[in-house]
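You will see chain A twice below: alongside chain B first, and alongside chain C after that.
After this line comes the complex of A and B, so read on.
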């Protein structure tokens, strides 16, 4: 695609010929309808979101008022962060640190942050121990900052696992064997299931009672007592989302890579085999480089998709844990705060845009070779 | 010929015009038998009022999704829906979108309903919704197990419940029932936890989070005490997974015969008595236990649904008539007898037909008159955020991330920032 369009352009050194200029004009006219459609379906709504992110508009406020302009207040509320050292608990009489089990004790970081008396209360995003001191990262919208972090972790881990698994499945299904067609169709089943439904299926399998598959299994293996609460254990909440997403989306990855594999000419492998290249060598020297454009497209698709994750988090966690998108939804529907929701959406857009730019640069999607 | 055609088209136009003007759309729930009951009631209205069409629009089961749908109608100021079925916690937030039913003849019937619900539905003196059916938290208990373990009756206080649940659970586990738990309830981080925790706190003289006159009362020692007690249930008399339980999770465990006590809404009663339920005939309901403070009294959080008439309706007068018809004595009686949906009209709790069909309604009367409203009216339009802050704080105690004292202190600061209300004692 890019090759052809570049090929049409004249070499820069000679300057555009008359013919080329005429072609450019025609091209502009031909592109105009697309631009208009994009302006209506993308630019207008996006512009509207950007505008309302600077207001205090309420959703379904019941008046014709569109809310007051409040400047960057919504962005401040979403992004304000501060790093503070949590004071140690000090004995009033001796002036020395109070120890528990030989360790210094600290004030409750969340209470400490709230008592700083900032105009908007700060909550803790995370705490770290550096040396003998306790530090806390505070934010005015701790749940938003956490949602950004969780979504990034979710995206990186799910896309990485999906790529590896998808590659393995694609390589397997690219080989010729009996029943390959059936296998290829069967592979797609998880992808065909609506996300909301697959989220519900997994929710049931991970139920905190022995009515759930995993609790029964782990109980039979003697690992748990059959009432392990997967979705309520904070450390397992994001990994659970990753597991569901990997199950659902690996087929998509495999399908894209399979399509890429089928474009690699078989002669290359035959030649390599004649030259005595090992299967591993063949993979890294032939398959991977030639698959790179497909892989880049698949990675971009999946990454941008994963960054926008909404349904999984919304179905399973509701307001117990947010992705970036489900946080924006919470601000709009539950809190009815159009301004905050819009500001969150703009930030999501910027993050996704940054990822897209990174991919285009790092994977050389825009380069000709 | 031309005249015939003209008059014909005129007649058609008139008929169409009147048909359009005379259509009332009711947005109603479809949980259990709700939809069939509402459709049947609509048919009865249409029989009595020829020329009027009442359509029922089916809305999502989950209250949060339902609110999302309604808000989109309101944002567009749509006249598509005339009558909305609204949750007991919404009148404060949505008041601006509804007409005052007192202007449409509700004054004559309002005093038949539970005063607490009417008060809840009244915003600045305007009646936002006519009560349709109600809900209140109840304690379900296993009569057979209480007898087997030698208890005289169901627990009166939370401490008693804790003890009895432990005894029965230990006994049943020893008898080989390894999935048996003492007490199941709704501990997931959602609106249901707000209703559960409000019951604990209110029954222990800890107030109702924010008082009706706008004072943040939640940070007090009685509230801390009972919240700590509730946190001690998790993993002892209640499964560790209870912090992920909603109504149906609790009911499933209960109905499979795996729990001695359950906190739930009245809907679980008829389902528990049906064929195939392991507890059919072996359980009863009573008000939830009281706190252990001197003046602690049982408290049940008020739930339930109202009918409000949209301000954007093309025919609010007719819509109000439909709403008042659906919520009338006769119609509520049908819903009580056929669907065991709790009436909001007090006299129906003494109606022989109702009591025969659903005997436990008799013992519920006191529960409904004492029902504690969530602070939705006082905190409007911020109730959703107040509730979210509250259940998040309680959930952090249940999961052991925070102790109750710290969590409620944090909550108080958050609620101050959110509402701008002063703090005080309940």
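After this line comes the complex of A and C, so read on.
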């Protein structure tokens, strides 16, 4: 009998009783189906994904081509990046920089990257100016790098906005007023709408003509001419996704925070009020610290969820703009490139895992007591 | 002095109600917009500027939706899939929840951690592997959806039910054992009926999650269009007549799949809020 098993026995008994042994056997039988299912739908597939991320496996018509082992080529392909200074256009005769409107002109960053003649062709992810120079970030899979960046921007901004809005809604609804039940019911409406459906509703509201709600409204307010193309304007593509996600998931945040608020004893506020603490002081000294555990869990849920975003991007943009997950999906289904898709999935997994670890460290979350 | 205080109180009240109104409109408006769009005629839908209220409300979009076989099949498929997922995860989850919440055995804590870790597992990380498993086994699309949805419904169900079982008095179990009942008899006849409320909550949440799921549904039905579920049907919705996106019909379809869910959620709202906040709030 091992040390651990003795520790599990009640202090009085000397050995495992027949009853305890029976209990142990029953428990294992009861757990078996759950762990079998988890093994089939999660552990084995994940192991396979990790393995095939090192192969050039592809789906061919109807049959699987078991790929050859290719090492880290897929990862190289997805992650190779280079930061280069784009050369300025120089006049052949004078040897001086060619100016246009007093600004130096530069070569086309794309053509410049192509001309570098790397073994894998480079594409531009982004260009930016530092000082008087133009820099370009090139990558072998520009669309994947962009998808990672877009997903991170999406995650940080939507979670931040959701937290602030959710807090405002929760604090408002924490007051007792007539119609509180109606408001709480209204909060469940966005949550209950299928994500794909909410994407399509917002797609319709954001139509590029005044048939759409936002263009009608903005035109009535005199902000735009009523033909603003939200989804076609590159700078607005990610913010549009954030807007939909915030609408859909703020209620979840607010509900969690509301539940957390209800556990804070009212006497604390009364005491603070007697001491003359302002409402803002009360929020930062009482509400926020006591709400921290709830907020931490809500943040983890929402962040990990936002990092996996797929439905919104796939429904609205298809292959025009990717989230990390929709990139991996299209690699699998459209390009039928199992190896690349798997490598992308593993990278996504690592990113999500890193976020989870970061939260657990930073916020000291421990959900098991 | 007192009148000034009364004034500031009134102003506060007004601001409070304005805030309530703004929140309410923000939460409800997209749903309202979908509803009025679904009720508009084709010509009113494409008219600019858009109207805030349908001039000649019509049910023609709803009629079109109920003649759309792809959509109707999607509804049927979704009901089958979400229903089976709910039953399967409740049965399997109740077993595990009972074992983890009430029984003493070696490996209990590691098992709990595995379950907890699984609740955070990203679906995309298993997509290609799961697809390969399904293709190798030659599994039909609907059962494979049911099985694969366990990846997100089961860990959550087990987690919540474990907490619930833990809360039931252990004396119940001991009394039954003293009376000579086996562990399983105690579980089925005494503890399980007591967990009915938790089963309703987790069952509802599992159903809603399965009803919502899109990534697996889209992937695993890509070669089996007849197995498409509601989210896939709505994402790929094509009109009966026009080649343009038929937003009137899409909005009607959106309303059709949303109303029952909202009704369900509102009817069970206390349970759902309880379930959503379970584990997040230490009460």
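In the analysis below, the second predicted complex is superposed on the first by the 318 of 369 C-alpha atoms of A that agree within 3 Å, B and C clash if a C-alpha of one lies under 4 Å from a C-alpha of the other, contacts with A are read in each partner's own complex, and residues count from 1 in each chain.
Convention: a residue touches a chain if its C-beta (ideal position, glycine included) is under 8 Å from a C-beta of that chain, and two chains touch if they have at least 3 such contacts.
What you see is a predicted model, and the numbers here were worked out from it, not measured in a lab.
S.K.: After lining up the shared chain so the two structures overlap, which partner does A:211 touch, if you call chain B first and chain C second: first, second, both or neither?
M.R.: After superposition on chain A, A:211 lies in contact with both partners, chain B and chain C.
S.K.: May I ask you to decide whether A:197 touches chain B, chain C, both, or neither, giving the answer as first, second, both or neither?
M.R.: A:197 contacts chain C only, not chain B.
S.K.: Going by the contact rule set out at the top, does A:120 touch chain B (first), chain C (second), both, or neither?
M.R.: first
S.K.: Compare chain B and chain C by how many residues of chain A each one touches, and report the one with more.
M.R.: C
S.K.: If we overlay the two complexes on their shared chain A, which of chain B and chain C does A:108 touch? Say first, second, both or neither.
M.R.: first
S.K.: Thinking of the overlay built on chain A, is A:333 touched by chain B (first), by chain C (second), by both, or by neither?
M.R.: In the superposed model, A:333 contacts both chain B and chain C.
S.K.: One more residue to check, A:226. First (chain B), second (chain C), both or neither?
M.R.: In the superposed model, A:226 contacts both chain B and chain C.
S.K.: In the overlay, answer first, second, both or neither for which of chain B and chain C A:89 touches.
M.R.: neither
S.K.: Once the structures are superposed on A, label A:360 by its partner contacts, choosing first (chain B), second (chain C), both or neither.
M.R.: Once the two structures are laid over each other on A, A:360 reaches no partner at all.
S.K.: Across the two complexes, find the residues of chain A that touch chain B and also touch chain C.
M.R.: In chain A, residues 207, 209-211, 226, 333 are touched by chain B and also by chain C.
S.K.: In the complex of these two chains, what residues of chain B are touching chain A?
M.R.: 64, 67-68, 71-72, 74-75, 77, 93, 96-97, 178-179, 188-190, 239-245, 249, 252-253, 311, 381-382, 384-385, 388, 392, 395, 399, 401-402, 406, 409-410, 413-414, 417
S.K.: Contact residues on chain C for chain A in the complex?
M.R.: Result: residues 16, 19-20, 23-24, 26-28, 30-31, 33-34, 37, 45-50, 92-93, 95-96, 98-100, 103-106, 108, 111-116, 118, 120-133, 135-136, 147-148, 150-151, 154-155, 158, 177, 182-184, 208, 211-212, 214-215, 218-219, 222, 230-232, 234-235, 237, 247, 250-251, 254, 257-258, 261-262, 264-266, 269, 272-273, 276-277, 279-283 of chain C touch chain A.
S.K.: Can you list the residues on chain A that touch chain C in the complex?
M.R.: 4-5, 8, 19-20, 22-24, 26-28, 30-31, 33-35, 37-38, 40-42, 44-49, 52, 64, 168-169, 172, 175, 177, 179, 182-202, 204-205, 207, 209-213, 215-216, 219-220, 226, 247, 251-252, 255-256, 259-260, 263, 293-294, 297-298, 300-301, 304, 307-308, 310-311, 314-315, 324-325, 328-329, 332-333, 338, 341-342, 345-346, 348-349, 352, 356, 367-368
S.K.: Report the residues of chain A in contact with chain B in the complex, numbered from low to high.
M.R.: The touching residues are 58-63, 108, 110-111, 114-115, 120-121, 207-211, 226-229, 231-232, 234, 318-320, 333-336.
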